[in-house]
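First chain written, first letter: the chains are A, B, C and D, and each begins at residue 1.
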Amino acid sequence: MTHATEPDKSRQGRPAGGPSMAGTVLPLAGLALLALVPLGAPGMQLLVNLALAKGLAVAGVSVLLRAGQVSFGHALYFAVAAYAGAFLMTALPGADLALVLLAGLLGAVVAGVCVGLFVVRYRGIFFGMLNLAFSMIFWSFLEKFYHITGGADGIRLPRPAVLGMDLDRASFELVLFYLTLTLVLGLGWATIRWLASPAGQIFQTLKTNETRLEYLGVSPRRALLWGYLVSAALCGIGGALMGVTQGVVTPEYAWWIRSGEMVFIAVLGGAGSVRGAFVGALIYELVRTYASAYAGDVWQMLLGGFLLVIILFAPRGVIGMIETLAHRGEARK
Amino acid sequence: MTPTLFLLALFDGIAYAALVFIVALGLTLIFGVMRILNIAHGSLYAIGAYATVSLSGWALAMGLAPILAFPLMLVSAVLVGLLLGGPIEWLLLRRIYDKPEVLQLLVTFAVFMILEDVQRLVWGTRPYFEATALQALGNVTVLGVTYTVYQLILLPAVAAALLLGMRFFLRHTIIGKLILATTEDREAAQSIGIDADKVFLFTFIVGAALAGLGGALASPTTSILPGMGADMIVLSFAVVATAGLGQIEGAALCALMIGLGRSFAVYVWPEAATLVPYAIMVAVLSVRPQGLFGSSSARKI
Amino acid sequence: MKTWLLTALCAAMPLTAAAADKPASLKVGMTTFLTGPASVFGVPAKNAAEILVETINAQGGIGGVPVEVSFIDEGAGAETLTSEYRRLAESGGADVMFAAISSGNCQTLAPLAEDLKVINFMWDCGTQKIFEEHSYKYVFRTQANATPEMLAAVIYLLKTHPDFKTIAVVNQDYAWGRDSWDIFRTALMAMKPDVKVVGEFFPKFGSPDFSTEISRLQALRPDVILSTNWGGDLDTFVQQAAQRGLMNSSTFVLPLAESSLERLGSSLPSGHIVGARGDHYFRHPERRDDDAFKDFMARYEEKTGEISVYPVFHTAQAFAALQAVYEKAIAANGGDWPDEDQVLAAMAGLEFQGLGRPVTIREDHQGIEAQLMATSVQTGDHPFATLENIMIFDGADITAPVGEVSVDWIGGLDASFLDQVGVATYAD
Amino acid sequence: MTAPLLETRNLVIRFGGVIAANDVSLTITAGRNLAIIGPNGAGKTTFLNICTGWIKPSSGQVLFEGEDVTPLPPRAIVRKGVARAFQIPQLFTEHTALENLLIAVAARDRLRNPFMDLHRIPERDEMMHLLEMVKCADAAHRPVVELPEGQRKLVDIAVALALRPRLLLMDEPTSGVASSEKHRIMEILVEALAERKVTSVFVEHDMGIVERHAEEVAVWNAGNVQLRGTPREILDHPDVIRDVIGEAV
């Protein structure tokens, strides 16, 4: 997998990173709009919450795309975190929401280290397929070891307490919504800053020239491992949030189609773009929910067609289109 | 693990491996030449099965002999190759060969999602079961266990024939050599005048037809229902990656390893049966990073 | 900052008002399998629901209010199911929910219904754990659970094949498959301790291919093979077993096979034990001469071209319960439309009759339903197997008493229990 | 007596039947720029690969400042003070020329702060100066993939220099640069190397460059160093004229 994404033109010639339209203003406006959803369109709250949780996981996959590596098994960390949360809740019924998310994150990072140490030795199709293999191994474990994992029906993730308070469903989901939004803002910003930082830039050189990186005194494998753990953590938090929002975790979380879906959404939103991950996830969930309501059970066909159009005509994804429009707007100003 | 159980696991493993190989063969061929892991291969497999069930159902309704189901399988395989394989390569993949590999992969994933819905729209969601071809061949009893001749003898025979046929085709026919050349080094092949576009189109059609044939041959042994493509294709990924890219013989050996591994697991530790193929893949790749038969291409500096 | 955020959010919570006046329509949200292998099971239930709603509305609806039913596909997976269920229950799209077919989905949706404070009839799922591990205010089961169904199967097996030695099981790998086997095995060991279990297989739900399991079973040669598979999985398993002659060497106990009789056609030979999860049979010996029964059977066959199967009977029971509870609540409310709490109150001790014998709801919200077991026979007057040597067991005798855990209660039984159960026997 | 900057002892490199290096012992002392000349395919680049640990010798040792570095991977040898510019420029094609240099600094200093923008590291101006020095200032903000071959070679050398090495190994530094520019660039390079006290070893085909800019010349032929001396001695040596220059003229 040599060059996986187009060079990110928005970084060109603007070293100081001033508040450009597409870079900062639009995303913040978008998040502010989403913050109004529970008041303006409560029906959409659950959908947006799920989309943003999935967006975090897609951001993780997008980070790997920045290094030219495509993982077809990142649903592994999504599922590990969700199940870690579920096991914690069965072990400590009154556990707090923060603890559940932490357990999920910890589970994902530990799994990330164990699998990461192995897969960072591979590149391209082998990297993609080995990740797939590990996620399928975990899926089989979840699906078949009924007495441990609850098998195909999964495990319930009862509502955790929030700061010691046992909230009823409605207020809990409101708190969860705004927590997800805060995490999206915080982690999104942190990921973008990390990608622009020296360590993040070194990670991205894996896409173009590992030999030169080796000759700069850096181990490409260790550089990939750092990026791999960042992506596993993001997927973990996404998975834990999804598990808590859904209230049930199933082996479906680790199925390979979900990993493929994440890569699908990453490219739809804009391969390698953190902002694109959330935009892609929102579009994906909206089409999935409302297409099936109006256009019968063909939401998969619609999304497949939409992605084909994106790949053939706008390879920098939806965020790429927004940025071109924004730049054109700025140029005219 | 008494000797009889050992033999039973062996027979089941071979029957299953034959099917996995036939599907993985098409995938390996396409990947070898075009460096694309065709995720839509799973849908082509499923549509091959659906097409066979419809064709043989229609033929039986017309009162034709059940033995006719076999040629119909070839017909549906060819149909899948031409009607689906051709347009996918010609209309879609041809326009993205210069694009990054992740986008090529995702085009096939998008096609997979589209075709999954096409199956649902055309054939509905209810399961089909059409086993006349299988019943036509009758049973054989080995060590007290009755097997269908279809699964125990026909499938492995077809798989072996395809392996030898493909080897002969690739090594001893002109088109075969062109495909091998393009697999080896596309730029070099083009520089000596090989029309890569034609080779790609031909390879994709053959690959798609093999997927269709896999589905057609599988249709009597299983009930045909939505999602069967996704289950089978993820196994073929394991076979292709374990074997090494574009390695026909490798795919055969790995399909056998994975088939036997899975069926022995059912006898020894049933819970781990679905786990075994991927554990084998990880084990093989940890020892040989480019796959069993893959060759590592050192980077020129 | 955290505490400020919390108080502000709670204040913004909208208050729900109880609607007491007569609504435009009584909306029912029903989950069933419209896709995947189980669709052969879920689609008949959908067709039955549509016929029943037509019939009810033709008689002026329930208490003068027409009934509307909307469906959610359980085949879309647990995630989509929960989001759709929640969307329907929250957006006022449903006053009463019928969920679900799969035991796994019931375990997921029951707590959700309690959370959403929406009345939920578990119209088909069988796992007994739901009411034994938790108590619910809004969730009821309008049919029996795995305990009477498996006990009836064991009793019928012991009455018809008293001296078999070995048994193997091939159940689907999810809640139903696992729970039903636990109960069956416990009952069998309690009443016939000398039986030996020679093989336990749990292929995945929706598995298209059982060839490896069948090879193993042929090597093991058990006298009896139990399978609580249903829908597409049962069809595939029986057809593949028949192809390889397994049906000739072992007696099959298929407690849910009544729903597959027509689809199995000639694949199901005579002499195998068939159950129907309740007293459901399109030629029900006690009800086949009843006019309402005959009318429904005719209309169902006319609409679908198929005979009625037990999911259809369970759907009829759910709608009968719906009609009975609202009419009871309206009567108790002086003719006015009842609010949710009044309907809940009316559920206590409710008695209603679908297409089988009457069903009563116990105080632990579990339905008491008679169980029909029989033996398959290829008589030739139908292109598929029909039933003979039919036994209908009284539901109350074979359901675990309120508050007892089924597996413990069954563990305490012994061979003498066989004669303590009320049973009606019919030739065919 | 301090150990030589780089020393190879009895190096043997065998690929299947081909002997790329046959018992090569070569020492490079600090401060004297050495040019390696020899016919094409004689194994000069392979020699650089061995010295930097990219491939392992069949037998023999490579020592850097007296320390045996034979088993080490390139990254460990680089950390000891060696840098390399390549025959085929090895750059991060999707980053700009300036970013390539900034990344080199980040790697050298192990910059870990996850929230500091790469463009804001203190050495930014120094790197701009380095680009100006190799006449690539205009390309500072253009992705390397868009630069012509010659400029890419120079940026490649600048990246190596950014590591502040003590020994710089270059593989045909001015190939691809317009011949009118070659000498001027070499002068700038040699001056910059001297100013930074960096010893350089460069494989070279252009005898004009060797003559004017190399302080010492080694002749690599048939897998071994046959001759070594000042440019004048080597370029007039009959064997060299026959085997090396004869080919070159």
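Just so we're on the same page, a residue touches a chain if its C-beta (ideal position, glycine included) is under 8 Å from a C-beta of that chain, and two chains touch if they have at least 3 such contacts.
Here the structure is a predicted model, which means the values were calculated and not measured.
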item	value
Furthest chain, CA centroid comparison against subunit B	D
More contacts between chains, A-C or A-D	A-D
Euclidean distance of C-alpha centroids - subunit A vs subunit D, Å	43
Rounded Å distance between subunit B and subunit C, as computed from the means of their C-alpha atoms	39
Inter-chain centre distance, subunit C versus subunit D - centres from mean C-alpha coordinates, in Å	78
Of all residues in subunit A, the ones touching two or more other chains	3, 143-144, 211, 297
Touching two or more other chains - residue numbers and ranges from subunit B	120, 270, 273-274, 301
Of all residues in subunit C, the ones touching two or more other chains	35, 202, 204
Residues on subunit D engaged by subunit A in the complex (per definition of touch)	52, 73-76, 78-79, 83-84, 86, 90-96, 99, 102-104, 106-108, 111-121, 124, 141, 143, 145, 159-160, 163
Subunit B contact footprint on subunit C (complex, rising order)	34-37, 39-40, 43, 75, 201-202, 204, 206, 208-209, 211-213, 215-216, 218-219, 221, 232, 235-236, 239, 243-246
Footprint of subunit C on subunit A - complex, ascending	39, 43, 46-47, 50, 143-144, 146, 151-154, 156, 158-159, 162-163, 165, 169-171, 174-175, 178, 246-248, 250, 252, 289, 297
Subunit A residues touching subunit B - in the complex, by the definition given at the top	1-5, 65, 68, 70, 72, 118, 121-122, 124-126, 128-130, 132-134, 136-137, 140-141, 143-145, 210-211, 256-257, 260, 263-264, 267, 271, 297-298, 300-301, 303-305, 307-308, 311-312, 315
Contact set on subunit A toward subunit D in their complex	3, 7, 12-13, 15-17, 190, 193-194, 196-202, 204-205, 207-209, 211-219
